[in-house]
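In the two complexes that follow, subunit A is the common piece, with subunit B as its partner first and subunit C second.
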Partner chain A sequence: MTSVPLVSVFSADDSSKVTAKHIPLPAVFQTPIRPDIVSFVHTNIAKNRRQAHAVNPQAGMQHSAESWGTGRAVARIPRVSGSGTHRSGQAAFGNQCRKGRMSLPIKVWRRWHRRVNIKQKRHAAATAVAATGIVPLVLARGHRISQVPQIPLVVEDKIESYEKTTDALNFLKRFGAFEDVQKVVSTKVVRAGISKQRGKKYRVRKGPLVVYFNENAKLLKAFRNVPGVEVVNVTRLNLLQLAPGGQLGRFVIWTQSAFAHLDKLFGTYRYTSIIKDGYQLLRPLITNPDLARIINSNQVQEKVQPAKTTKVLHEVQKKNPLKNTKAMDRLNPYAKKQRAAAVAAIKANTKGTKKIKKNKALKKASRAAYNKVAASLNDATKAAVQEEQDIKVKYFSVQKGAAQTE
Partner chain B sequence: MSQKKQQMQVEQKVPENVAKKTVRDTKLREAVAKRRTERLAANKTRRAQWEKNAQAYEAEYKAADKSLVDNLRKAKTEGGFYVPAEAKLILVVRIRGINTLNPQVRQTLRLLKLRQLHNAAFVRVNKATIEMIRKVEPYVTYGYPSRAVIKNLIYKRGYAKVNGQRIPITNNNVIEQQLGKVGIHSIEDLIHEIVTVGPHFKEANRFLWAFKLRGPRGGFIAKRKSFINQGDWGNREDLINDLVKRMI
Partner chain C sequence: MSQQVLWEVVKGNNAFLVKRNGLTLSTDPFNNTGVQTYSSTGFISKNAVGVVSTSGKVNQINNINLVTKKSTKFQQADRKAKNTQSVYASTLAVKHGVHTASRVIRKRFGTSRVGLQRAALRKLVKLNRANAVRRRNELAAAKAQKK
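This part shows the complex of A and B:
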């Protein structure tokens, strides 16, 4: 590492004033972002706040139901004993039965909590802290930080002595964090589902997380009533707050002393942590994130093999060379000459024969002859038709005459 | 650092990556262009060779036909007989489907590349293959293909076996790659090898996938009977050509 990223500490009263110009970023903010570790640790840690619950062990079993056995044209499920009520003879006990007990009833001795290796928990916390310093991650998580002067936002310790909520609100407004609070307020919705009847009426978003250091700080009470804002001591950073829902990039407001304490808390890349005994921050897999530069470097390009070209063995569509001249010529360049030779041969064979010329006079004469024949035929048919008619008339007139005479 | 700055200023601030990449790309492009010109020149000579070979084969076929006719005429004038050489090549066509086959027959058909109904394959004639064909006789019809039929089969229905895949013979590259080392470079070379049953007939025939023919237009006579008994299976000598013409 040649240069260390620097951070400014802002004055609590005036967001444009900077009390400390260049403070080095604690090493935690340099740890590699490991969403997989955070996701794993979060899913397990989130289970630790659960309270045991169970179904009544006797639920659905408070009958003296017995199966009727076979031979009675009913299913073999246990049936409620007795008589005099609709319930008697109805199926009981089974999970499939109405009013039966559930399958695998929940027991209080269900394993509610999960233990996670300390190192994993620490890595997850470190990653989550690192993610709070990366603007795209914080934006992606949904925080409204466009007016915030700096991420990570470090403020002088004065805010630790705030007692009034108005002070807290004004502070947030000054530093552009109020937009995030407004988001929380405007998106408060009634929860869908039964939980609303069980004390979880509203679904509220997460706003800024304020991290302080001194134990007797009063800011907890000041920020407590601001919707969405959470306050936590830096020694008790909680993954469930740093990465709510397993999603990295909470918007965090650090006080100066809290910020300075992070190096002691998590250690650096030169020294292991003092407080987390022997804990060493995760080292990144690659130290140079500029992949384009690595790929285009001389060292890599010397070793790299030439790009593979797709070998095309054959055309996509097979054309029949016996019909398709192009396909034929591609396969057999002599075919062109063979075709030409064949045509020439035909021509040569027909060389001696006379060509039949179109004789117009001949055509006219033949047409005249044809018309004559056609006309004579026409006359003949006409005559035949006339003859037939005459015969008919004669016949009918004879009949008529016969009728008349009769 | 300052030298680089000067360089960058001179080059109008071209990023290092981009500069390196353009140099590399121009080199690659030149190499490709060079390869192309070389390939085109090589193709030209190849095509000239194919044409020459094809012409030679045409002359050879013509001479063979002429010699046959001359011999027949000569025999006739002398009052003797001319018996042309027995066929060296057989075209076998499978005319029976896949169901209820004797396992030995099944295996032999597979060895002859006849895995499917109406598949056709060239087979060289020797004692071994004659025995094989005798084994499967009721399931195939076979005969001595004419040059025209061989040519048409390979042009229209010619597919190559390349790496276990059935690749159409659309250009001579396929042939060159697989059979170049035995001296067959073009489709006319391949046809000549098959027709004359040359020294590399084995490689040439192995290169060819079985011909997948259609059913004959006009149909078979009676597949249940042998050809001799006014049916279809067995040896029909030269009449195989008529059948295959209807099946191509």
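This part shows the complex of A and C:
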């Protein structure tokens, strides 16, 4: 494994000052990220805060209703007995009936809580802690951490003695955590639904989680009025706070002693946990999950055969070569030349014949010439007809003006 | 953290995910295409540059910022802390012209992620053009007011 990442502890008063340099990251932060475990454990553990409720067992059943049976032209549902009121004869008891009891009325002895195997719960908590140390996951959860100097953010124990909320606020501002608080404030919304009448008027986002160690710490009171901020002791880390909604990557601010306690709490890969008796952190299936790096590494590339060229036997869809020139060219490489030759031949043929540009003047002149010719022809035909007439009159004694038969 | 692993965690649900009209989009500032895909999702990668438009100060000519995945000033000063991850948003204001910004982008992506580089550059150019229009209108308005 490569060198262990190092973390610096910041001074509470000045975010640019570091009180302890290069503390190694506790092994919990190296745990594989298992959103499946977290999701499973979260859905079950989230049920454990539920309070029993039930419907009144007598609801809808406080009638002496009886079915009228058949033969009365009504449905066979039990009907309210008696008379003198609208209610009499109306349907009762069924879940489909108005004022009837619900189907499968909720009982108090519904199984409200779920138990989850301890190991699973511990794995989930460990993964959730690991996720708080990964910047993209915290970003993905929606925290505004762009001004935070380092993640995981570890601060000296001095903040545990904060008593005033102003101190807490200034501390958050110094470390760029205030942006997250502002997000919480600006997105506070009145809840939709009846719950607002049942004591849950607002929907408030989650801001930073401050984790401390010493039991006498006063910072709980300093931070508790800051919207969105939650404070918790390391020994009582809660998955519902580390991964709210089952979503990994809460923004966590650790105190130095809390951070140091994590190794004892969760153990390392060298020794099991002292506090969680016998608990061993999950081991990853792959120690180096960076697939791109593995594939591109020298060791792999040396052994790898050169990339095969995919051999395409035929096209997926048959193209008609008579219509598709590219398909034709594939079958008959000479077709391209043939086409070109044909085009050239057409061009050659039409080379001599130049298009006559008939302008108006020319048209007029030609028309005049034609008319002249036609006129002269007319004259000629007239003359010829007259001549024929004369001959007929002269030699065949046809009377002038007589109708020409034959 | 490996980009592949992070993608598996983050692809189903994350704060930047927007699903609209059958499209899966992303408001990730490091994403220059706007569509959520493995390669374009910059916030899970080690090296990314986001081209972001900001409602900046009046003096800023271009309301464009480059958001880079750089180590913070603190981390840069502290050599040994290289192993820790960089928190995002070292923002560089694109003040005078697009050329230095494009140089930053090209240097970041180098020859390996050409598609991403092009996407970033494309966005930079578009934002720049839009800003030019805005600036021109502002100047015109200012002139008109003076008159």
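Methods note: the second predicted complex is superposed on the first by the 293 of 406 C-alpha atoms of A that agree within 3 Å, B and C clash if a C-alpha of one lies under 4 Å from a C-alpha of the other, contacts with A are read in each partner's own complex, and residues count from 1 in each chain.
Assume a contact is a pair of C-beta atoms (placed from the backbone, for glycine too) under 8 Å apart; a residue touches a chain by one contact, two chains touch by 3 or more.
On a predicted model such as this, the values are computed, not experimentally measured, just so you know.
Asks: By the touch definition at the top of the document, which applies to A:Gln338: first (subunit B), second (subunit C), both, or neither?
Replies: First partner only, subunit B.
Asks: Determine, under the contact definition given at the top, whether A:Ala292 touches first (subunit B), second (subunit C), both, or neither.
Replies: After superposing on A, A:Ala292 lies in contact with both subunit B and subunit C.
Asks: After lining up the shared chain so the two structures overlap, which partner does A:Asn320 touch, if you call subunit B first and subunit C second: first, second, both or neither?
Replies: In the superposition, A:Asn320 contacts subunit B only.
Asks: Just to be sure I read the superposition right, which of the two partners does A:Gln301 touch: subunit B = first, subunit C = second, or both, or neither?
Replies: Touch status of A:Gln301: first partner only.
Asks: Between subunit B and subunit C, whom does A:Ser146 touch in the aligned arrangement: first, second, both, or neither?
Replies: The answer is second: A:Ser146 touches subunit C but not subunit B.
Asks: Classify the contacts of A:Arg330 with the two partner chains as first (subunit B alone), second (subunit C alone), both, or neither.
Replies: It touches subunit B, and subunit C stays clear.
Asks: Among the partners subunit B and subunit C, which is in contact with a greater number of residues of subunit A?
Replies: The partner that reaches more residues of subunit A in the superposed model: C.
Asks: Mind sorting out which residues of subunit A both subunit B and subunit C touch, each in its own complex?
Replies: Correct list for subunit A: 292.
Asks: Inside the complex, what are the residues of subunit B that reach subunit A?
Replies: 16-17, 20-21, 24, 28, 47-48, 50-51, 54-55, 58, 152, 155-156, 162, 167-174, 186-188
Asks: Can you check the complex and tell me which residues of subunit C touch subunit A?
Replies: 1-6, 8-10, 13-16, 43-44, 72, 74-75, 78, 80-81, 83-89
Asks: With touch defined as at the start, can you tell me which subunit A residues reach subunit C in the complex?
Replies: 2-8, 16, 18, 21-22, 33, 35, 134-137, 139-142, 145-151, 247-248, 288-292
Asks: For a test of understanding, state which residues of subunit A touch subunit B in their complex under the given definition.
Replies: 292-293, 296, 298, 301, 306, 313-315, 318-322, 327-328, 330-335, 337-338
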